[in-house]
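Scrolling down, you'll hit the structures one after another.
What follows is a pair of complexes built around subunit A, which joins subunit B in one and subunit C in the other.
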Partner chain A sequence: MSRYLRLLLVQLRASALLAVQYRSDFFIDGVISLFWTATAIVPLLVVFQDRALLQDWSMAEAMVVTGWFVFLNAILEGGINPGLQAVVEQIRKGTLDFVLLKPADSQFLVSTSRFQLWRVSNLLAAAAIFIFAFHRMGRLPSLGGILASALLLVAATAVLYSLWILTVSAAFFVVKVDNLTYLFGSIFDAARWPATVFRGVVRFVFTFVIPLALMTTYPAEALLGRLEASKLLFSLLGAAAFTALARWVWMRSIAHYTSASS
Partner chain B sequence: MISVRGLKKYYRVHQRPPGLKAALGALFHRPHVTVKAVDGISFDIRPGERVGFLGPNGAGKTTTLKVLSGLLHPSGGEVSVDGHLPRRREDAFLKKIMLVMGQKQQLLWDLPPAETFELNRAIYDVPREQYRRTLEELTSLLGLGELVQKPTRQLSLGERMRCELAAALIHKPKVLFLDEPTIGLDVSMQAAMRDFIKRYNEQHGATLILTSHYMDDVAALCPRVIVIDKGVLSYDGALDELVRHVRPEKRVVFRFAREVPQIALAELGKVVSVDSVSAVLQVRTEAVNSTVTRALSTLPVLDLTVENPPLEEVMSELFSRSRAAAEAAS
Partner chain C sequence: MSLKGTVRAMPTLLRVGFSEAVAYRAEMLIWVLSTTMPFVMLALWSSVAHEQPVLAESGRRFGEAEFTAYFLTTFVVRQLASSWAAWEMNYEVRTGALSMRLLRPLHPLVAYGAENIAALPMRIAVCLPVVALSLWAVGTSAVPRGGLRWLAFLAALLGAWLITFLANVCIGCLSLFMQSSVKVMEVWLAAYFVFSGYLIPIELFPGWLRQAVDFLPWRYQIGLPVELLSSMQEPAGALPLLGVQWAYVLGLGLLAQLLWRKGLSRFAAYGG
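Take a look at the complex of A and B:
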């Protein structure tokens, strides 16, 4: 285990060097990502302009959901997307060979190969949104709520990561998956809204197939102190199932690659 | 060290018919064909041996290397490398081997090679002290110097290839798989790479399998060659034996004091090339003696040398023969 921790540090170091090597990119990237973070709140302002509640959610409460959306988006774009996006390219060019020849877990190596460290600033932006929202509500989240939402953050990250592994695994079987990742990006965008605003089939999909509810709504409800324990349990079990599924599919995909590529 | 028995690797590929109508039809029903990339190859390689894989494009050389390194699962047959089954890709196995591909690179593109070395050090669990010594040795043998601190994208192809080799040798592998390591390099860089590989093999006793399009690579590095053609092994043995077998002729290169009529040359042997005061003749090996004696007594010879025909020609003759045989059989 400590070996993989060391490996993670070495990979992080390379990403940090890369970020420093391209200083101008680094700053432009930072300004752009802060801009996008700011725009994440705009839809809320529009929706709440002429109403006080959206399906039982006040504006301040809905902002907590948006805060988690910004938070997870930072994890996605800073920690998950860069490495896994590169896999698609490596499969196409055949340089994934080098990953498979290394005496270390291939899923770990590709997942940690690249980080966009600047996205850390978006985590701070998310924190600012939380502070602002709770300031408006004039109260503080409970300790239990914070702990539950921290657990849910782990579950949400695991689910998000697993969904990405599943998407990228498709690249082993079909040549171009750019569209697939783009589609996934647009679907994830719906996570900025409390899941209860969706109805019918869409709600079912967002709860069970692509569990956006688990990613942003439940953590927000936990912080607000109104998440049922059953939902927490369901989320943790669901995240474990997703992680196991992603691992299984990845191993199958690697086997397919090694028995089919040339 | 390496043992291969009846290795087979088949691919199932879609056959894409030409034309829009057929292409639309293929959306619903896709015809498949089986391509036999490697079809029953057997050989053994002893520790420390240097072996060259020869064969035309698509012969199955790279496929065989990839099976040996565990990247491809064989469709049939048995493969063992230093007691391991490569396809299991156990850590202990992967730490013993390396694969360098002239067409692909593992160096991090935007960072100096030193960063890739450091990453590989961590992945292969190389102790710091050993890493420092290995890197020192590689730096002096490959003449890396300041190169390792420059971003990879700023390096020339030759510089990059040297760094690729260093990155692949950080963990001191016992088995080296080299797939076209000198492709695209200029002649002096090719020679430098060959020197390095040979010296590494001699100093560390590493086993080496090389594929190359440059016959000079194979001639300089590999006393033993394995010829693979259409997935089948067609020769396994010493390189000079192969040359004698395919082309039992020698070349006699003459330099004359004055111009010699071509007719006089044609009487001696097959004229390969001729200009005003020099000529190259091709004669059967057993006729070399008499030809030289006759030439010396009848022609104004300044000097002469007896050579083997160029390897490139030997190979192209070998492969065109096997193509002709295949066409005759079908």
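Take a look at the complex of A and C:
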């Protein structure tokens, strides 16, 4: 365990060195995250121009959901995307061999191989949204609410990561899937609004098939102090099951790997 | 190369581009599927309108039908007025593959344009189900009548494609000055999402922003053609907007020409 922790630190340091080398990226990423945050916020401003509530969500409450969306997007683009995107390329070129030869768990190695640390700017944007939203509501989140949302954040990250592992696993069977990652990103876009806003089939899909509700709506509800305990429990159990499934699929897929060239 | 030679090469270029689009059809389908944003927006807005229609400052009432028509049209326009030359140029400048293009007796910018246009038939094929779906959802009465409106729409669509393509070329040329301009393209895209009418019909913007948006290029990439086709804009009333759009086309064209010439002299053709 301590070996993996040390390994993680080494990988993080390498990414940090890379990030420091491209310092100007911090500003560019900052500007980009400002715009993306605007794409998430502007629709809300327009929707709530002429009404106070949208399906029991006030504007400030809906902004908490958007805040979680921006937050998770930062985790996705800073921590999950960079490493796993490289795997697709490695599978195609056959250079995954070098990873598999190393005396450590392959899933761990590929997942931690690269971080985009400047995406931290998105976390700042998320924090600003939270502060603004709770300032508008004129209250603070309860301690229990913060704890519950932190737990859900872990669950959400696990689900997001597992979805990615499943996507990448497809690369072992299909040759070119690097743009599947964009597809995934665009589906995740729907997580910026409370899941209850969607109706019918769409809502079912976003709750159970691609659990977007778990990722942003539930943490927001927890922070607002109105998430039922059963939802919390089911989310945690579901996330654990999903992670186990992704792990199983990864092990199966890696067995399927036949070094492309070399 | 002479104009005549370019014109003669065009059919071949288009045929090659079309074959490429057919060969990578699965990849393209995923690209198209990853532009599902209009559908996500449609789900949100129709749910909003389901409770109570949204009233624009202009007094227009946006109900579920209006949003359906608007966002399905948005999807189609996005597919038709699309270009990816900036990424391609970045890649070719970085790897030096651009030198191969320079050897050909054909202006590379023309070649990029031809490649992007040649993918259109495949994209139209993907759009057809969406068009059928929108006709089924909003009814054929929503299809605009009148040749003038269609003419204005086609002019706006062509202008939209040209702005998209020329902006791509301009940003692609920047890679000759700064190694990689992919980040610049990301900034452009983010602004495009916010200000083009892709997420929200521009009529629903607050007043001051609506006026500012009319002066920015992005509104002419999506908003104008969509508004013309979904009858939110009268052809005669849209004339000033069309004028601004084509002024942007001209300006970006000149800028692209300038950046290309200045940038090319810095091209070192590493690798290749």
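Operating definition for what follows: the second predicted complex is superposed on the first by the 251 of 262 C-alpha atoms of A that agree within 3 Å, B and C clash if a C-alpha of one lies under 4 Å from a C-alpha of the other, contacts with A are read in each partner's own complex, and residues count from 1 in each chain.
One rule holds for everything that comes next: a residue touches a chain if its C-beta (ideal position, glycine included) is under 8 Å from a C-beta of that chain, and two chains touch if they have at least 3 such contacts.
Note that this is a predicted model, so its numbers are computed, not measured.
S.K.: Does the subunit A-based superposition show subunit B and subunit C clashing or fitting?
M.R.: Result for subunit B and subunit C: fit.
S.K.: For A:Val197 in the superposed arrangement: first (subunit B), second (subunit C), both or neither?
M.R.: So A:Val197 only meets subunit C here.
S.K.: A:Val46 in the overlay: touching subunit B, subunit C, both, or neither? Say first, second, both or neither.
M.R.: second
S.K.: Applying the document's definition of touch, where does A:Leu12 land relative to subunit B and subunit C: first, second, both, or neither?
M.R.: In the superposition, A:Leu12 contacts neither subunit B nor subunit C.
S.K.: In the combined three-chain arrangement, what's the angle at subunit A toward subunit B and subunit C (CA centres, steps of 10°)?
M.R.: Nearest-10 rounding gives 90 degrees.
S.K.: Looking at the overlay, does A:Val154 come into contact with subunit B only (first), subunit C only (second), both, or neither?
M.R.: neither
S.K.: On the combined arrangement from the superposition, state the nearest Cα-Cα distance between subunit B and subunit C in Å.
M.R.: Shortest inter-chain C-alpha distance (subunit B to subunit C): 11 Å.
S.K.: Check subunit A for residues that touch subunit B in one structure and subunit C in the other, and list them.
M.R.: Correct list for subunit A: none, the interfaces share no residue.
S.K.: Applying the document's contact rule, which stretches of subunit B touch subunit A when the two form their complex?
M.R.: Of all residues in subunit B, those touching subunit A are 11, 37, 62-63, 66, 69-73, 87, 89, 91-92, 94-95, 97-99, 101, 104-106, 108, 110-111, 115, 118-120, 122-125, 151.
S.K.: Can you list the subunit A residues touching subunit B in their complex?
M.R.: 3, 6-7, 10-11, 13-14, 17-18, 21-22, 93-95, 97-98, 100-104, 109, 255, 258-262
S.K.: Inside the complex, what are the residues of subunit A that reach subunit C?
M.R.: The contact residues of subunit A facing subunit C are 25, 28-29, 31-32, 35-36, 38-39, 42-43, 45-47, 49-51, 54-55, 176, 179-180, 182-183, 185-187, 189-190, 193, 197-199, 202.
S.K.: Can you list the subunit C residues touching subunit A in their complex?
M.R.: 26-27, 30-31, 33-37, 40-41, 43-44, 47-48, 50-52, 54-55, 183, 186-187, 190-191, 193-194, 199-200, 204-206
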